[in-house]
Amino acid sequence: MVEFNAKKVAEVHQHLHSHLPSDSALRVKALETLLVEKGLINPESIDAWIEAYTEDIGPKRGAHIVAKAWCDPDFKQRLVQDAPSAIDELDYLGNATGHLKVIENTASVHNLVVCTLCSCYPFSILGIAPAWYKAEAYRSRAVRDPRGVLAEFGVQISDDIEVRVWDSTAELRYLVLPQRPSDTEALGEDELASLVTRNSMIGTDRELVKKDEVKV
Amino acid sequence: MDGIHDVGGKQGYGAIDVDEVDLYKTGKAFHHDWEAREWGISRCARTPDITIDWWRHCRELIAPVDYLSRPYFDTWAQTDFATYIDGGFFTLDEVCSGHSNSDNNPFDEVPPKPMSKADAVIADSQKAFRFDAVINDQPIFTIGDRVITNKHGHSGHTRLPQYARNCIGKIHALNGAHVFPDLSAQGKQTHQHLYSVVFETGELWPDTANKHDKVFLDLWESYLCAK
Amino acid sequence: MDGIHDVGGKQGYGAIDVDEVDLYKTGKAFHHDWEAREWGISRCARTPDITIDWWRHCRELIAPVDYLSRPYFDTWAQTDFATYIDGGFFTLDEVCSGHSNSDNNPFDEVPPKPMSKADAVIADSQKAFRFDAVINDQPIFTIGDRVITNKHGHSGHTRLPQYARNCIGKIHALNGAHVFPDLSAQGKQTHQHLYSVVFETGELWPDTANKHDKVFLDLWESYLCAK
Amino acid sequence: MVEFNAKKVAEVHQHLHSHLPSDSALRVKALETLLVEKGLINPESIDAWIEAYTEDIGPKRGAHIVAKAWCDPDFKQRLVQDAPSAIDELDYLGNATGHLKVIENTASVHNLVVCTLCSCYPFSILGIAPAWYKAEAYRSRAVRDPRGVLAEFGVQISDDIEVRVWDSTAELRYLVLPQRPSDTEALGEDELASLVTRNSMIGTDRELVKKDEVKV
């Protein structure tokens, strides 16, 4: 049974540091081998999960949610009030989105999401997080210098726009609802979804543009 | 724990890799195959009794240089090893040798059946865990209340980052009662009211450029006092 | 700077190497020859205008993984490279190529004459630098005064560690006015009264075993307010 | 001239990380080569400093100070009141001891010295610091758990003894004056000095013993 023994685990990490292979691929291979030998895991199921998160579950789900919210005011209202129920309508409720919150960008507000303590992320609607989201550079700076971080991503935020940073310290997860790009009244949900960048749903992108426009 | 993981506001970590390719645009989700394997392992491994908070604490306990220098999913694998050892599923000898030393299956059942991609997609939807519960205690604070966060942490797992300690904020939202991570990391399930608390950046960093930008944190009731 | 160097009270750094041999008992001072070379270099290099605080700040600016994983005197060498580049003595190209690109001696004089060991011992005694000065301002605090330390640091060099911020202590001793490091690291020489301040460990770490043990820090006047 | 440009130096460190050889010996060799080629340093002087800190300057100076303080009450009084002047009598004043303080252990007080922010050390009387003194494990724990640190060094401190930790945050430097071992009335200064361990002058050792006694 689990001992919850932090002192022991710290020592175990020292042993692992010395005895595990240094190469990450070999480490993970060793983990898989042991789990399979112990009958704790079926390797085909690992394949299935990889395929699921490569082909089905990913930021296109998030983009669909955003586009639908742009097109359907009732859905948007449900989304902002109770995001888990709203995304469940699309069968997108899942891993790490049981307490999802949707935060809306406006002309006067920009939202940015981070997890300073680990790298919490709304997996079932955005898939695997980008490496920068999990790196110390982003995690350390997003809460202290969000405008500097945004500038590094090429996003200039004027002084009259309020920046709101959301540090995911609990089991709540955040999806930024970016502003609908101008001049897109004629587009349908699918076309709109194709304009939604992953970064815009984290908050490191702001001004979305129509496909035929060149972003300056 | 005042550990290396608590990086919010820490300085010196340099530039962000803003040029990283959005892999999903190329039809991929992972930079390396081993990352994909680790992700899959983490999704389908059966680890009874482990709480997410205990797993997070085990990751925080990785030595600082390893925590900072090893790739992200590599630290997941190391955390898995550590929790399986702590849970009695693996021995350190088995990990070092790379093979199981016994036929002892810790489960009585037969090894799990293979899943298809469709099974995985359905299983993912069943992982929409909720951490809230109805408790008898009424929330102490209400929206708009001024609160001050605790000055100190403790040696165990906690979710009040160092940068937001002893800071004055306002209750932005009530989120019901959620599993309290500090005790959950010790295997004890209790619930406390969870608040979204908003801080002006000027309160957190006096030398910040835009003092009226906001930082929101989700904080449990015992992290807060009325101010 | 809330940098990686500020390790006081941080957790997860593991065991101390208490079995390290006392080298001096074996007639040596250094574990490796290159450590000895770096020490010698640091003793006799001529680096006008560099202040100790600027040099320390340059060491703090080393990337966290390097700071934690490279040997101590190796980080001295890297800091030397950085300060020589910042000071215009080396170019980055020269450092990368390993050789001087020009005959330009930044000094007008001829290269320094060799020193003997006896010269070095005498020179060391001349390095008993003092950092104090008489200033017009009287000290604000006197022995026994209760003070509270600043809640915040800043992005530059400072010598108020994170663990002792916003903590109540007592003035233990006055040490005259000393060069203020926060400005000295920017090349500006000013002096402030320097106090030895005593804190009960219970004030610093509420979960400590012996709350009445003491921690003493030497802190400049602008780090402190009356309490 | 020195620019005091922190942003530039942080970038320089990134370049150095990429371009300097990884091996420490090669890095230091590269530094020495450039300094010599620039005429900023004479390599023979490097040798001289190494010899000085190996043969002349080191913890035997500190031990001499301690032994003299045990034998000579007037010297001890001067040492505690104005340590730089007192050690100057022995020609030991030098690098990093211009603002030396001597802190005395008693039956009811134990002192421990650390530098949490870098690794300040009273070079001219203790020589080169041990590696553990400069390592994060010691620096992080000495101020938070001094009794745990002492126990790791084999030093048990009873609850009625007050532990005082001195964090060298300024240019003051600290030398612990350990208690004289019992039963040493007959010993002279040199014999006494041989009983003084380096760790006892930092505070990670407490009970000194006569040479013929076996330490338990």
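We just call them A, B, C and D in the order they show up, numbering each chain from 1.
Heads up, the rule we're going with is that a residue touches a chain if its C-beta (ideal position, glycine included) is under 8 Å from a C-beta of that chain, and two chains touch if they have at least 3 such contacts.
What you are looking at is a predicted structure, and each value in this text was computed from that prediction instead of being measured.
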item: Where chain A and chain B overlap in contact partners, by chain label; value: C
item: Chain centre separation (chain A, chain C; CA means) in Å; value: 41
item: Whole-Å gap separating chain A and chain D, where each centre is the average of the chain's CA atoms; value: 49
item: Centre distance in Å when chain B and chain C are each reduced to the mean of their C-alpha atoms; value: 35
item: Multi-partner residues of chain C (each touching 2 or more other chains); value: 9-14, 61-64, 68, 155, 205
item: Chain A, residues touching no fewer than two other chains; value: 10, 14, 136
item: Category of the chain touch graph - line, ring, star, complete, other; value: other
item: Chain-chain contacts as defined at top; value: A-B, A-C, B-C, B-D, C-D
item: In the complex, chain B residues that touch chain C; value: 1-4, 9-14, 60-65, 67-69, 151-152, 154-155, 162, 166, 205-207
item: Residue ranges of chain D in contact with chain C within the complex; value: 1-6, 8-10, 12-17, 19-20, 24-25, 27-35, 37-42, 44-60, 84, 88, 91, 93-99, 114, 116-119, 123-124, 127-128, 130-132, 134-141, 143-147, 149, 152-154, 159, 162-172, 197-199, 204
item: Contact footprint of chain A on chain C as seen in their complex; value: 12, 14, 64
item: Chain D - residues contacting chain B, complex; value: 10, 14, 136
item: Chain A partner contacts - residues on chain B that touch it in the complex; value: 5-11, 13-18, 20, 22-24, 27-41, 43-46, 49-50, 52, 54, 56-59, 61-63, 66, 68, 70-74, 77-78, 80-90, 92, 94-96, 98-100, 105-107, 110-117, 119-121, 124-132, 155-156, 159-161, 163-164, 175, 178-179, 181, 185-187, 194, 196, 201, 204-205, 208-210, 212-220
